[in-house]
Each structure stands twice: as structure tokens, then as C-alpha cells.
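Chain lettering (A, B, C, D and E) follows the sequence in which the chains are written, and residue indices restart at 1 in each chain.
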Amino acid sequence: GCVDNSGGGSGGSGGDTGQKNAYGVTKDAALAKTLPGDIAKAGKLTIGIDATYAPNEYKDSDGKVIGWDVDLADAIAAKLGVTTDYTISKFDNIIPSITGGRYDLGVSSFTDTTEREKQVDFVNYYSAGVLWASAKGKNVDPDNACGLKVAVEAGTYEDTEEVPAKSKKCTDAGKAAIQVLKFDGQDQATNALVLGQVDAMSADSPITEYAISKQKDKIQAAGTTFDVAPYGFAVDKGSKLTDVIKNALQALIDDGTYTKILQKWGVDDGAVTAADVNAASKQ
Amino acid sequence: MRLRHPGRITVAVILILLVVLFVLDAAQRTAFDWPDVGKYLFDQRISQAALITLQLTVYSMVIGIVLGLILAIMRLSPNPVVKAVSWVYLWIFRGTPVYVQLVFWGLITLIYNSIIIGIPFVHTWDVIKIDWVPPLFFISVVGLSLNEAAYMAEIVRAGLLSVDAGQEEAAKALGMSWGQTMRRIVIPQSMRVIIPPTGNEVISMLKTTTLVAAVPFSLDLFGRARDISAETFVPIPLLIVASLWYLFFTSILMVGQYFLEKRFSRGIGRGRPAIENDPDAPVIVGGVGGVR
Amino acid sequence: MRLRHPGRITVAVILILLVVLFVLDAAQRTAFDWPDVGKYLFDQRISQAALITLQLTVYSMVIGIVLGLILAIMRLSPNPVVKAVSWVYLWIFRGTPVYVQLVFWGLITLIYNSIIIGIPFVHTWDVIKIDWVPPLFFISVVGLSLNEAAYMAEIVRAGLLSVDAGQEEAAKALGMSWGQTMRRIVIPQSMRVIIPPTGNEVISMLKTTTLVAAVPFSLDLFGRARDISAETFVPIPLLIVASLWYLFFTSILMVGQYFLEKRFSRGIGRGRPAIENDPDAPVIVGGVGGVR
Amino acid sequence: MTPVQRATTPDAARPMVEAVAVSKRFGGNEVLTSISLRVERGQVMCVIGPSGSGKSTFLRCINHLEVVDAGRLYVDGELVGYRERGDKLYELKPAEAARQRRDIGMVFQHFNLFPHMTALENIAEAPTTVKGMSRRDALERGRDLLARVGLASHAGHYPSQLSGGQQQRVAIARALAMDPKLMLFDEPTSALDPELVGEVLDVMRELADTGMTMVVVTHEMGFAREVGDAMVFLDGGVVVESGAPRELLANPQHERTKAFLSKVL
Amino acid sequence: MTPVQRATTPDAARPMVEAVAVSKRFGGNEVLTSISLRVERGQVMCVIGPSGSGKSTFLRCINHLEVVDAGRLYVDGELVGYRERGDKLYELKPAEAARQRRDIGMVFQHFNLFPHMTALENIAEAPTTVKGMSRRDALERGRDLLARVGLASHAGHYPSQLSGGQQQRVAIARALAMDPKLMLFDEPTSALDPELVGEVLDVMRELADTGMTMVVVTHEMGFAREVGDAMVFLDGGVVVESGAPRELLANPQHERTKAFLSKVL
């Protein structure tokens, strides 16, 4: 495991047969059998994660990786009778690490895009949008943010597609471009907004909502959620694991654990009713 | 009767084999993605970013040198307060990591977002909000150059101290002011000692510009390479592309540095008696086109 | 009849006033959040992270010194292939930013995830998957020490070259092997030249450990400070806390460095005639308890 | 101590250098103890004494390169390094001290030529930067002075390309370029190989013949006897004996003087 | 060239050093040209010659500190630095070369004492590291040798605390500690102040009296005349003349020898 070194450490649930997960998930023998041989043999899922995206995945004060993404992945592992082994990574390096065979799974709030689907398969488990936030009392319109400073996390959908597209609209209309500040982690981007270093930040809706809930007196939502798109667990292209994860997730949705987790973290707005694969290209 | 070095040849052959194996293996590894390396090496976005890296380097060095000179002179001042201020500056800027400093400069606008006019802790008459938000490039240059100044100060100081005290005295005795003495006599002579390590600092600065990611400024070579790889999911080839550019620049600088050092370590045999007795003292480059 | 320095006093007073104003102003700025600084300064998480930073420094330096010694000896080898390999190593590791190198080491497992047994481009017999994922701490130490080795190599090389060639010759003439000559004669004498810059390298390494964020390893002082601030949304006080710890460590090292340099620049007046003619040559620390 | 009353003497009668009870200490070490002496206009005053007796320090005080601790030093009637206001002395500002130094030429034991400038540039430097003379005039003047010290053909040489004697002659020319009213020489020949001493003394002798007031610290007793108008023997920071060089050298009165002269002659 | 046939002589009659047409070049510069000479057991052979004539180089070849380019060099019947196999010569491995050097003591012009070790440690170093002698025995032996060169009381001194003559005597003791069968001296007194030369020559004279075979590069003709059994005059890398020192010094046959001797005597 990477408990000793990665600053994250294993969520370490799921676990041995018969043991109950924190949400009471137990191993489903039939599903477990469908696991690819090497994973079943290793008894664990190697997961790449960028734990700077509260509340989806982040670190608690002891440096342990937590979040609802983590709980969900742990539950899936428990269903399959294996443990989880989280490795902290930079967000931009997770997908290359999956295609490079380093991680079985990427659990890091990946927005399923057709661009990314060229690299990996996604098991869609949530429906999130993009939500901007601005300083309290300062109204920012995401669709008319020309010339403003916007914080994003480097390598995210917001960084590579959403904000650049908005900025391009500005420049096409002869207005000033949006100044994008790319931070290494979402935590820094959020800090930048809280402290007033930027006019706004753009992040996935659960993240923005969580940040607002924590810093009610400093920041507020700017506009509403848009660009709703599915989240997906990233799996290597064409891997057998894709369907296994999808089925396990479906089982969790069916037995209500899924909802329990989302409700516990207060993000059940974007819950899906059925697990899907590569939803982006299907639209 | 020729020399034979069987042992030497064995070692050489093994080493060459290892290197060849490594290269062949690397050529085969898909992760290196050599076609992509070729594709991005001369990508316009990369070469523009390389230009920005050079700009960062040049601006930061120039400001760093000027500030370093001021700090060095302050350090040599007879005024203990001036000396102490300079000392504290060096202590803080040499004692903390430049990466942390750059993060700090990135946040500086948060700290100093207003000018408070008043008596601290007693009364505030007015608070003037500072609206100007400096561009990230500007902040990066400030961060890099303030750090560099601390290092340049020590280099300049060593250079100034290397000039024989008799020189300053002679200039003083001729009625030259302190400023004239510095400008015309001491600084030109100290260049011999200052320039070689300054060359090293330039090379080091070029590499340190990668850290502006902490500001976060991301239009430099490394930042741009990272941006591209975030879109294309091929981090390794872009890392290689950035490395090759850095290697290219530093190699040029190292060659320049080599010639500079050669030039500045050259002296003319016969010096003043005072110097002849003390080969440790600076040997002055004389002859046509000395250090002027 | 006492000296009066009205100008000097004016400057001093103005500077002191400015410093006091700056400090008072800083004390008042809410962004600095001094109570938080106090709260986190001795937080156990921070002090543990400081320990990890020290571990990173020590391990990386030790490995860097050993590798540097090997590289230095390779550079001085008469075998041109060995020499070239060492040269290329130094060129690459000194020519690229350590930050980029650390990013690269962070991705190394992506590149070398299998051992290919076969003839490159022709036939592959077998591919053995490497399952071992090295801990990030391990990768950080590897990245830092491989970089450090390139710098230590030059320091060690300068040290070895500073030992008079006559020493090696005398040892050889007594029938000592090359290894014995190095171990007993050359290396002990070169320490005088090697140790002071090595002290500098330790200080520099301590600060460079902040860059393991590129790996990304985040249990070091700076990484931990950042993680805490991610939760609490107070980056500036934590930045100050981290800076104070770095300043504390580097100050201790600088004091140590000062005494080391003093000790190693001390020589005994009368040397051998060969040395007496050449004050530039190393002055050997003799007397009781020389460099052994 | 009470301030010394200055006699208002006519210009020509006023001494060029007047030291009144000058003392100087470095830390706890008193290097000059209540030195009083006069150098008249046009006189050549030779200062002799063993090593460490304070000869250099005294010269440096005249030029305000060192600050006097007690007593008063006047050059051409002007208090050196201080401004008297009421009963108190205030140290001159650096710019004022620099102005005073312009009128006093100084030649050092180790020449201290500027190694990054040619002989001619060395000479032209101060007139241009300090006096604001045009570069052309300064260079022309420099060439004249080089010719005067017999080095017309060495104008373009750097100090490292000149012999010690040649360097010292350039140093004298450099001091003369500022048109000083007083020249100080601090053992100008003691760093020279014996065969080069003569050429420098010749230049100094010619300079004395033109009527220049000179204070010369030297061990060249032949020169002192021939050229010197007055001589003081310094030991342990006090003036042990003074008088005309011929007399002092031939008939030293004091034991210490005798002991010293028996060694150097 | 064809390999020289070695006569199988009994031990005692075998020369200690035999050079057969030894040549050595540095780059394009031929420093030794076909040198042939013999040093018999117990003999003291003096080598003289102008600077740059190749004296040091020849000594260094005997000790395999330099590699001979052509010709053969034998010490005590053993080919130096090479192994002969069939018609070909192979350079010795470093370890074998080191073994050969053990038996040949060498004293350098600049002493080359190890500055970080005391006099005694300098002497005990090689016996312990190279011969594996116990430290105690080596130190005891070292003390004996120090006494023999008259420095018993200086055992704990570092080289920087010794005079040049004392350092050179320690260097001789250091070489003797390896029990060499041949001693090479390269101008052992030329870096010494004149008053220190005698003490070193005395030690060498005593050494010669014990029957040690010695090759001495020197300009001390008095020593050579008194102690030397044979002498060669080297010039431009060739042996110009050889013979008994008294004769060679008194009646040089060759013009170049005469010219050289007229300068140094």
C-alpha cells in the first residue's frame, strides 16, 4: 500500500470476505468472480487520485484520503471483495498512468468527455455540472466574465475546455480575454477566491457548493450550474474491468448504498439512476 | 611495443553496451512516444513559451544584479543599521526556499490590498484600496529577482572586497568622491571576480524559472508543456521536449560561461609588486581591452 | 572632540522607522493572521513534517555525495568512455531544472512498467511486468539525490584535483594501490576543499526538498503546510509557519557552515616549500587532529 | 583642551602644514602622541623613523585619510577634516573632505595605480571626473606630465606592463595632474628594486627644484641630505628630534635617533 | 626491435639496475633516447645533467611511474612494468606494478610527505597498508628509522612543523620503511636552504655505507665525488659520458660535459 508515503493512504475498506464496509456493503460472490484474474489475485484495486478536490476527494487533517468519491470506490471494492489502494497523483497524470498500466482505476471526479474517451473508458456514476463562485456580494456572470480573473485547477475540464471557450467568445467579440490562473490543486484555486486573489473560480458543482457551504461569509455562487456532464471512473480502454465496475456500481445503486453515500455528503443532487459507460459519446 | 589496456577496454565495452541497450530500449518504449517529441519540439506554442522563459531569466537577472549591488554596498556600509537591514534581507531570502517565496508573492496582493493610514493599533484615518493587480509575469519577475538579489549580493560583495584597498585609497587621495571611486575604480576591477559566478547564476536562474508555477504563472516553457499535455494526455513526451529546450539553453550558456571563465582567469605575468607577493590577490586583466 | 556622523544617523533613523512601520503594519494586517501562525507553528503535524523534510535532506545528501564521489572519480578516469558517460550525466542533470526532473521521476513508473527481454526492434521473447510501485518518498529521494550527485561530482572533483600530484606519486612509489592511495592519502586531504561547499549544498538541499511537490510527495514541511491550508483556507499563516521552520533549519546549518569554513580555511604558517611558493595551493590543516 | 588661536598671517608667510598636538589612536593603541610640527611653503620635509613609528599614519592624517582624534592639523591655513563652529568640531561631509584632498597629492609605497587604465588614463582620470576638465585637455595635460617624468613613450601601457620605477613615476605624474599645493610621499622607493630607485628620486628631486612643498617619508638618507630642508625623526608616535637633515644625520642628539641611524646608514 | 637476451647470472653478480636502449617520449618530444646503463649491487650511481635533460624521467621509469616506450629496463633481473609473453610485452596490471614498486624506495625533490600525518605516521603508513604489518610493529620500526635519521624526538610533528631538511630526512626514513633493495633520489637537496643540505647528505652517506644500492640525481658534486661509485652525465636524453665520479669530474672528455661542469662547479 502507499499509506506510508503518499500522504493519502488507503481508504482501506471493502476488505476481507464477510467484513462489512462502513456503509454495510458485503461481498457479492457472483460479481467478484467476474473480476479480471490479476486483480482478483492481487486482492486490491490500484487507484490513482488527486486528493485536492473537496468534498469529492481530499485529505483530512491527518492526511488521510477521504471524500464521497472515495466512499463510493471503497463500496465498489467491498462489493467485489477487494481492497482499495490509493496513490496520490497530479490530476493531469492520472489518465496517462491508467493507459500506462499503473493504475486499475482513476477516481478523481473525471468529467466524461469525448476527448478523454479516446484515452480511457468511463463508468459514469454521477451527473455534475460546472458552477462558478465569486466573492460574497460581488456578482459575476460566467457568460460575461471578459477581462476577469478566474481560478481553476490545472488540467481539469474547466481549465482545458470550459473557461478557454468562454474566453475565446470574449476575444472573438473584441473584448478582453479571461485571465485564467491555473493552480496545481483545487485547494489553491479555492483559496485564491476566498482570499480575493481572483474574481471568480470555476469548478465542478459539488466542489463549488461544498466550498460555498464552508465559506458562506466569503463566497457565493455565481450563476447556476451549467454544462451538466457525467462523472466517470476511468478505466483502461477496452479493459474487462469496465463492466465489472459498472455492475458493481449498479448493484450499489440498487441496494441503496449509493444514495446513502451521496446523501451523507450532501451531493445527491447529481445522483444517477443507472450506471452507464462512456455516456459522453452516446449523447 | 604498444601499450595494451585490457582492463580498460573491457570496462569501456561494457559501458558502451549498457548505454546502447538503454538507448535502444528507450527508443522502443511507447511511453516516451518519440514521434510526439518530434512533433512538439518545434511547436510554435513551445518556442513562444521558450521566449517567455528567456524573458523571465533576463529580467529577473538584471533586476537581481542591480538589487544585489545595492545590498552588497549596504553590507559594506559603515552604518550598522544599513548593514543590519541588508543582513536580515539576505538571511530571510537565502534561508527560505524560493518555491515558498514564489507562492508567497503569488499571494502578496491578498496581503497588501490596501494602504492603511493611521497609527498602528491606535487609530486608522483612512484605508486606501489598491486596485492595481500586477500581472503574473510581473509577480514572477519580482519573486525571482528578489531571491536572486540575495545571492548576487554575496557575489558582488566578494568582488568588491577582492579589489585592493590601496585602489580606493588612491582614488580618495585624488579627491574622488565615494561614488566616483566605486563607479570608476572599484566596480570595473571587481568585475573579474563577479562575472564568472554571475554566469553560473544565469544558468541557475534559467532553471529556476520553472518554479513560477507556484505563482501560478503558466506561460513559461514548463508551464506551457504541462498545459499541452493536460489536453493531449501525453505528459512524458512534452516533459522531454521541455527538457531538451532547457538543455539547449543551458548548454549555450555553459559554453559562454566556459569562455568567460577562461577570459577572466587569464592574467598578465608582471603585476605590481604588491600583487606579485600575493598571487591570491586579483590578477588584473590588462593589455588591450582590459576590463573596462 | 568626538566624531559626529549626522548623515549616517539620519539614514539609520529613517531605515529603523521604515522597518518599524513595516513590522507594525504587518502585525495589523489580518491576512497574516498571526494568531494562526502561533497556533500552527508547533502543531504536531507540522513538526512531524519537518522531520520528514530533514530525512529527505539527509538521505538525498548522503546518496548524492556517494554518487558524486563515483562520478567525480569517473570524470578523472583515464578511460575515455567512462569519462564520457560521467560527462553526459553531469550535462543532463545540471542542464535541466530539478523541478522538471522530479516531475519526470514521478512518472518513471509509467515508462518502466515492464522489463522487455528481446532484441530491440526485432524480436521480443518476454515482457515481465514490474508490479512494485516505489513509495513517493523513495522516488523523491532518488530524484533529489541523482540531481545532487551531479553537483557534488564537481565539488569532489575540484577537491581531488586540489591535492598536489606529488602526493599521489609518493603513495604510488611506496607501492600503495590506487584504492589505498585514494582512501588514505588523496581523499583525506581533499576534504579541506570539499567540505565547505558541501555545507552549502546541504543548505540548498533542505530548501530544494520543497520541490518534491512535483513528484507529488506531500508529507514534507511545505506539502503538509499546504494540505492543512487546503482545509482551513488560511494559506498565508501556514506559509509563514513553513518559512519559519525552513529559516530555523537553514540558520542552524549556516552557523555550522560558518564554523566549518573557519576551521577549514585555517592553516599552519609553515608549509612545504612547494606549497610556500604557491599560496593558492591547499593549505593543509595540521596540528593535533588534522583532517583525518 | 582649548582651541589653539590661529595667527592671521599673510599668505606667503603662512606655513603649508601645521600640526598642533595631533594624536591618533587605533583602538587602545596610541599611534601618534601629540605631534606638533610645521612645514613651510616650498620646503621639503623628510620624515624618518623605525617601522611602526607612525610615519604613514601621520601622512594619512594630513590627507584626512585618517581622522585625527585630538589636536588640530592645518594645511595652508585650513583645518583638515573638520569644521570649527564655536567651540565644537564637526567632521566634514565626505564631499567637503574630498575637496580638501584635491589640493594634496599623495604617492604611495605600492604606487596603487589603477590597473585597468593605461598610464595616460591613470593620469587623466581625476582631472576629468573630479575637476570636470574636458577629456581632451586632460589627456593633453597627461601627456605633458608623462613627458616630465620621462615616460612620454609609455602613455598606452598598462601598469602591469611597466617596471616598478616606471609605475611610481606614473603615480607621481598622476598626483601632479591635480595641481596640488602639497605633495606627500610615503616611502616611494621602498618597494622598488635597487636599480630602479634612482629614476624615481630624480623625478622627486626635479619636483623639489620647482618649489613644490613636499613631505617625504623615506629611508633614502642620501636624498634627504641633498634635497631635504627639514627632517623629523619619529619613534613610538612622538617627534623625538628634528632639524636640518645634514645636521640631524651627522649629529643626532638623542639616543634613539643614534640607535636608529646606526642601523640604517 | 628484437628482445634482448638476458644472461642467467647468479644472484650476486646480477646488476641491480640494467637499462637496455630505453627510450621515452612525451607526445612528439623524445625525452630519453636509447639509454643503456648498469648499476651494480651496492653501488651508488650519480646522475648529473642540465635541467630538462631527462634525469627525473629516467628515475621515474626505473620505478615505473612512467611507462617506457622502447627498450627494456630490469631491476634485480626483473623486467620493469611489463610482462614478456612470447615476443610480446604486456603492461602489468596496476596491482603487479605496485608490487614491483614496493622494493624500490624513492625520495623526491619536494619530499611529498603526507601533510595530514605526523612524521611517524608517514613512515608507518605504507608498511601497514601495503605490507599488512601490524600497526604496533610498524610504529616501532618507524621510531627506529626516525632515530636513524636523527629525528627521534620529532615523531609527533606534522610535516608543516618541520624544516625542509627534517622533512627530507623523514622522507628517506619513509622510503626505508619498506625495506627497499634500491633507493632512488631525485635532487633530494635542491629544494633546501643551503644550511640544511648537509644534514640530508649525511643521512644519505650513512645509507651508502650500509651497502644500499642508490641512484642519485644531484648537483652536489662534493657528495658525488666522495660517495659515488659511478656517474653518468645526461644531456638531451642521451648518456653523453660515464665513469668514476672523480675522473669524470676532473677530466671530462666531452665538450658538453666540460661546458656543463664549468657552470656548476
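FYI, contacts are C-beta pairs under 8 Å (C-beta built on N, C-alpha and C of every residue); 3 or more make two chains touch, one makes a residue touch a chain.
Computed from a predicted structure; not experimentally measured.
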Intersection of the contact lists for chain A and chain B: C
Chain whose mean Cα position lies farthest from chain B: E
Chain at maximum distance from chain A, centres defined as averaged CA atoms: D
Centre-of-Cα separation between chain E and chain B, whole angstrom: 53
Euclidean distance of C-alpha centroids - chain B vs chain D, Å: 46
Rounded Å distance between chain B and chain C, as computed from the means of their C-alpha atoms: 17
Centre-to-centre distance between chain E and chain A (centres being mean Cα positions), rounded to whole Å: 81
Chain C, residues touching no fewer than two other chains: 31, 107, 110-111, 113, 213, 235-236
Where chain E touches two or more other chains at once, by residue number: none
Junction residues of chain A - those touching two or more other chains: 93, 96, 100, 184, 188, 195
Interface residues, chain B side, partner chain D - complex: 164, 166-167, 169-178, 180, 184-185, 188-189, 268-274, 284-287, 290-292
Interfacial residue positions of chain B with respect to chain C in the complex: 8, 11-12, 15-16, 19, 24-25, 27-29, 31-32, 78-82, 85, 91-92, 94-100, 103-104, 107, 110-113, 116, 120-121, 207-211, 213, 222, 235-236, 239, 242-243, 246-247, 250-251, 254, 278-280
Interface residues, chain A side, partner chain B - complex: 92-93, 95-96, 99-100, 115-116, 119, 149, 154-155, 159-160, 181-184, 188, 195-197
Sites on chain B touched by chain A in the complex: 31, 106-107, 109-110, 113, 133, 136, 213, 216, 218, 223, 226-227, 229-231, 233-236
Chain D residues within the chain B interface of the complex: 63, 65, 94-95, 98-99, 101-102, 104-106, 108, 110-116, 125-126, 129-130, 158-161, 164, 167, 174-175, 178, 191-192
